[in-house]
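Following are the structures in question.
Look for chain A in each of the two complexes below; its partner is chain B in the first and chain C in the second.
Right, the complex of A and B next:
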């Protein structure tokens, strides 16, 4: 039953993505100042939102794990962090491609870019930390505490880098213009399939994590015998 | 009151042990001096350039030297299962953690106060013009480094790759505190008074200290006891 729901959600995501792509490419006109490349924003921005949904879900799952010590929530935390990190990567890479074409540079130390990069480093550290601990309950505990620290750090990173940047010359960022309502609608419409995809991937990853733990437990049992 | 007394007992024990063996202190201090020396070869800065990069240079040295001290903080209790004894003692986990933080801050500040004159001599910088504000910034920045580092020292104490994990996890978390400390230190070494924009950075540093001290004290019992 669960399997079928996942397949269904996946199918819905694919159909929606296909429909959105068709509208993006065929119906929406090129942006006046940026030309065709602006379309990357329909993936760039929703990917960032999705990543933060993932990191927030990881925070909640970590707190619930520490409160109740139920390893299901540890599996949930690692699943949403990993998928969130994938979306953060999409956000960074699409941003760099856009930057290369519009600004002429791959990277600039703008607050948004820098904060996302720090965020990426923190959660990559989370996954690395998990690999360094073998015992499952200890791994869950260590990872949950780190996840809470990382999430608390993100807003402070954002403000610190913003202040840091305002004292330095800045490249032209974001142009401050308003966006056409049709484009705004597409931005949110395209978030829906990305969120669906996020849900499906996280659910799959969580099942995999639980299966992995069962296998490890069985292996240990076999060793003991 | 009891909490502070207990913390002080732990801090005094750690400091006494460290001053008798000096293992972390010596390693960390010589490491700091080596990096200071390396920087002068790497950049060969003029007096003007040195003033501009002084904060970054000093805090990278302090952060690297700090990692050596912090790594040892909980790891030294592994021998003879001392950590289990400490956890089983009537001390609260928070008091144990706070005491270790205090000891680490004292050790790190001592190293920093040795490094600063050496920096002044090697790089030909008059760094004492804003001495007391600079000391305040050093204390606040070191507290940020220590409270996060000691927490992760406790967290990673049983890991195989402890020495590798600690810096890779702690440095990204410390970015806001390091940016603030670097900005403040550069300005103060350059002789600027602590006012205007600098106060914002000071507030950020204090905010970072408060948030992460509170978070660490809240979570440390879970980390140590489980």
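Right, the complex of A and C next:
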């Protein structure tokens, strides 16, 4: 039953993404200066929001793990971090492709870009750290502390375009940027399927983490016999 | 639709989808590997208990 719900949500996400893509290409108004490339924003920005939702969920799960030492929350933290990192990769790569056309360069050490790259590296480091520690409770504790510290970079990424003069465009949400109402709607409409995908993938990864623990227990049993 | 920079829009969309598909494929591969290993371990335990 749970499997069917996950497949259903995944299908809904894919259908919504397809529908949104058609609306983006066929119905949305053009942007005066950028040409077609501006439409990348409908993936670039929602992918960043989705990644931040994942990193925030990892922060909450890590705090709950440290408070109660329940390994379910450690599984939740690793699941949402890994899926969040995939969306952060989408954000960075789509941003680089947009930058190549609009700025004429793939990358610049601008505060927004740099802080986002640091964020990506921190959470990639979190996943590598987990591989380095063998003992499950020790691994969960170290990873939870690291995740809490890593989250400190997320507000820096978010506010970097307000705090420093940057090459990156001003924020369209709670900032100086402005957009056509139809573009606004699309920004949020395209966030919905990405959030659905995030939920499905995080649920699958969490189940895998629990299966991994079952596997470790079976291994210990096999060695004991 | 204004077709300026359309090629790079396609690159961006393809990149976004490819990253997500690659990740989904990695998750699916891990799922298969874990199920296979659990089955193997259960079989080993069953054999060991039988001996």
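Just so we're on the same page, the second predicted complex is superposed on the first by the 199 of 225 C-alpha atoms of A that agree within 3 Å, B and C clash if a C-alpha of one lies under 4 Å from a C-alpha of the other, contacts with A are read in each partner's own complex, and residues count from 1 in each chain.
What we mean here is this: a contact is a pair of C-beta atoms (placed from the backbone, for glycine too) under 8 Å apart; a residue touches a chain by one contact, two chains touch by 3 or more.
For clarity, every value in this text was computed on a predicted model and none was experimentally measured.
Asker: Scan A:86 for contacts with chain B and chain C and give back first, second, both or neither.
Answerer: second
Asker: Is A:157 touching anything from chain B or chain C once the two structures are fitted on A? First, second, both or neither.
Answerer: Once the two structures are laid over each other on A, A:157 reaches chain B alone.
Asker: Where does A:9 make contact in the superposed view: on chain B (first), on chain C (second), on both, or on neither?
Answerer: neither
Asker: Touch test for A:23: chain B only (first), chain C only (second), both, or neither?
Answerer: Neither partner.
Asker: Just to be sure I read the superposition right, which of the two partners does A:45 touch: chain B = first, chain C = second, or both, or neither?
Answerer: neither
Asker: Look at the residues of chain A and decide whether chain B or chain C touches more of them.
Answerer: Partner touching more chain A residues in the overlay: C.
Asker: Where does A:64 make contact in the superposed view: on chain B (first), on chain C (second), on both, or on neither?
Answerer: neither
Asker: Considering only the touch criterion stated at the top, classify A:197 as touching first (chain B), second (chain C), both, or neither.
Answerer: In the superposition, A:197 touches chain C alone.
Asker: What part of chain B is in contact with chain A in the complex they form?
Answerer: 148, 151, 155-156, 158-161, 165, 168-169, 172-173, 175-176, 179-180, 183, 197, 200-201, 204, 207-208, 211-212, 215, 219, 222-223, 226
Asker: What does chain A use to touch chain C in their complex?
Answerer: Result: residues 21, 25-26, 30-31, 34-37, 39-40, 43-44, 47, 83, 86, 89-90, 93-94, 97-98, 100-101, 197, 201, 204-205, 208, 211-212, 214-215, 218-219, 221-222, 225 of chain A touch chain C.
Asker: Which positions of chain C touch chain A when the two form their complex?
Answerer: Counting only chain C, the residues touching chain A are 1-6, 8-9, 11-13, 15-16, 19-20, 23-24, 27, 30-31, 34-35, 37-38, 41-42, 44-45, 48-49.
Asker: Would you pull the chain A residues touching chain B in the complex into a rising list?
Answerer: Contacts found on chain A: 66, 118, 121-122, 125, 128-129, 132-134, 137-138, 141-142, 145-146, 148-150, 152-153, 156-157, 159-161, 163-164, 167.
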